[in-house]
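Below are structures written as structure tokens.
Next, two complexes with chain A in common: one pairs it with chain B, the other with chain C.
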Partner chain A sequence: MREYKIVVLGEMGAGKSTLVQALAQGRAVSTEVRNTDPSADKPFTTVALDYGDIDLPGGDRLRLYGTPGQIRFDFLWPILLEGASGAIVLVNADAGPPDQQIRPYLDAVDRHPAPLPVVMGITRMDDASPTRRAACEQWLERDEGQLPIVMVDPRDPMQVLTVMDVLMSQIECQALVACHE
Partner chain B sequence: MSDASPMAAIAPVRAQVDAHLTTLVHDVDGLMGVVVASLDGFALAQVGREEETVSRLAAMTSSMLALAEALGRELAIGSLGALILEASHGKVLMLTIPVQPPQLLMAACDQTSAMGQVLWHAKQCVRRLAATLPSDAAQ
Partner chain C sequence: MSRCRPAPFDACTALPSMAMVPPPFVEDLRRRLTGERRQHGPVHCVAIICNGKLLGWLDTEQSQAVLAEPSAVSLAMLQAALVDAVPRLELLPIARALFDVQARRARPVALRPLLWQVGLGACADHAPLPPLRRDSCVKLGRWPDFRVLAHRHDDFRICALLIQHALDVDACSSILGVPREEVQAFFNAAYLSGYAHTDTDPAARLTAAPAARAGGNALARMWRDVRNRWSR
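Entry: the complex of A and B
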């Protein structure tokens, strides 16, 4: 049996905990506490990690680790990325400019000792204000296509599985390339 | 979400909180520093640590206690009382301060400290802090 450790990164409120819970069918380990940051309109926030696992039909297993999004918890990102097979970076379409949102998380991935396959997931596109939606669409048009980007509703397990499929393809492609180097 | 930051809420009692922390550091041999943090990892008060490290220590305390709480839930052993770390050159004690919303106390000691003494004095300090800190009964 092969096991894949997948780490989910992204800003507070992007849907990381929701995604992990969706895939683990609500059985994920959670470290959510009451949010006291008045600048974030969110009742609870993750302060350590979310953990959920799922057995795949082929006998493989996915182990999913959600991370806290706030910069004050950045000490946890390299710890959780240790031994990862891949990462998902969530982008909240209803928040600030996407390129600024993702930078700290992609920097953390870049500091990982081995190249790490990454898929970006755009969340809350339907909730986004027209201005933010337009900013997100412009960002997508400008994107140079280096990383796969998928629209995802993190509450929907089928959509989350689609993101996982894309990431698994990335992981397999990278393994194939590594074999021929 | 709170209407005001926990830092603003603690401001009226800041001098008393600092006095309780100073008493704790004074009473325990080898106690190098104490930090009070919000449950979600903001530093609210501290004695004995350099300012630039306090924010990270507060966030780490929040993560450690949340993870310990999750472990307690997984093992069904009840709510968390204290988390104790013993290392080759020191010890760390983390406790929850029972106010609403709960806050956290982290005490860092060198190897000369006796954990029993640290624990006893830290629990006394937690009681004083709980009586001093604002508590929102509605939460």
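Entry: the complex of A and C
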């Protein structure tokens, strides 16, 4: 049996737990507790990690890990990224500037010993204030397009599948090109 | 409907035409989309002229277009003109004020999705969109903006490959197992929209054979199985 790992990163409230639950079809292990952080407007937050898995053909397994988003847990990120096949970085359009928001997570991915396929998912665009929405759109305009960016509502399984399709495309093609290097 | 009526085009408001021979339409359009400066400085607003008939106005800086005809008609006219043996499409620089006037008369549409659609359907017989040739190697300079582009399932796979490696249509089709005509349509759309460029000297030839051994490839294949199961 072979095991594969996908890691979901992003700020608290970006939708990591919801995305892992959607992919695990509601069977993910969650470590959500009542949020006591006054800076974040959400009733519950993940204190350890989210975990879900998907049965693959032939008995193989795809493991999904949602990281705790707070910077104080950044020591966990490289541990979870070890051996990962790819990463999803979620950006909360209704939070701070996207470039500052994603930097710690992309830095963690960059420190990974092998180049890691990454897809960025923008969440909560519909909830974002006009100012934050505009900031997000400006950031997208400036973005150089070296990573795929997908709008996603983590509550919608079909949109979550699209994020996974993009990530899997990258995983596949990175392997194809690596075979020739 | 006012947006269906061809709007008057005042030649006096167009910028002076350039003394040099204009570059071919597709190349001229791509240069503007990728922000390359022209000899006369950046001119972001242009009118599209086809055999002397006005098709619409483009603002490449804001990535907007105003069409003189309903979009289905303009789309078909553009597609037909792009593959015409005799080049008859041209871009005529115009003042921004003229574009703004047209944008107030009819609602602008997003430019890249428009060009993407034109490119996808430009060649009915799945031929390359000139100046692309059958053996042109193409590489993506950036990921297309799939927030606004309509996409087919395999487009992500084509993107993921072409962002890493320049390939011709046959190689891309054989490596990914995607029908040649779908790959050609993608090449045409990505090239016309300015996302892709030709690469005359790809570093190494990719072939399909060793790919089957790759672990990432196995994962992706299994994922497609899972996805198909879930989609049923």
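One rule holds for everything that comes next: the second predicted complex is superposed on the first by the 171 of 181 C-alpha atoms of A that agree within 3 Å, B and C clash if a C-alpha of one lies under 4 Å from a C-alpha of the other, contacts with A are read in each partner's own complex, and residues count from 1 in each chain.
The rule is simple: a residue touches a chain if its C-beta (ideal position, glycine included) is under 8 Å from a C-beta of that chain, and two chains touch if they have at least 3 such contacts.
Predicted model only: the values in this text are computed from it and were never measured.
Aligning the shared chain A places chain B and chain C next to each other free of steric conflict.
Of the two partner chains, neither chain B nor chain C is touched by A:Thr123. When the shared chain is aligned, chain C comes close enough to touch A:Leu62, but chain B does not.
Shared-chain residue A:Thr18: touches no atom of chain B or chain C. By the touch criterion defined above, A:Ala48 reaches chain B but does not reach chain C.
Chain A is touched at more residues by one of its partners, and among chain B and chain C that partner is C. Of the two partner chains placed around the shared chain by superposition, chain C is the only one that A:Met168 touches, whereas chain B remains out of contact.
The three-chain arrangement built by superposing both structures on chain A places chain B and chain C 170° apart around the Cα centre of chain A, to the nearest 10.
Contacts of A:Met151 after superposition: chain C is touched, whereas chain B is not reached.
Across the superposed structures, the minimum distance from chain B to chain C, using CA atoms, reads 25 Å. Shared contact residues on chain A (touching chain B in one structure, chain C in the other): none found.
Contacts from chain A toward chain C in the complex involve residues 2, 4, 54-58, 60, 62, 85, 122, 140, 144-151, 157, 161, 164-166, 168-181. Put simply, chain B touches chain A in their complex at residues 1-6, 38-42, 55-56, 58-60, 62-64, 66-67, 69-70, 74, 101, 139.
Taken in their complex, chain C has these residues touching chain A: 141-147, 153, 156-157, 159-161, 163-165, 175, 204-207, 210-211, 213-227, 230.
Residues 29-38, 40-43, 45, 47-49, 68, 70, 72-73, 75-76 of chain A are the ones that touch chain B when the two sit in their complex.
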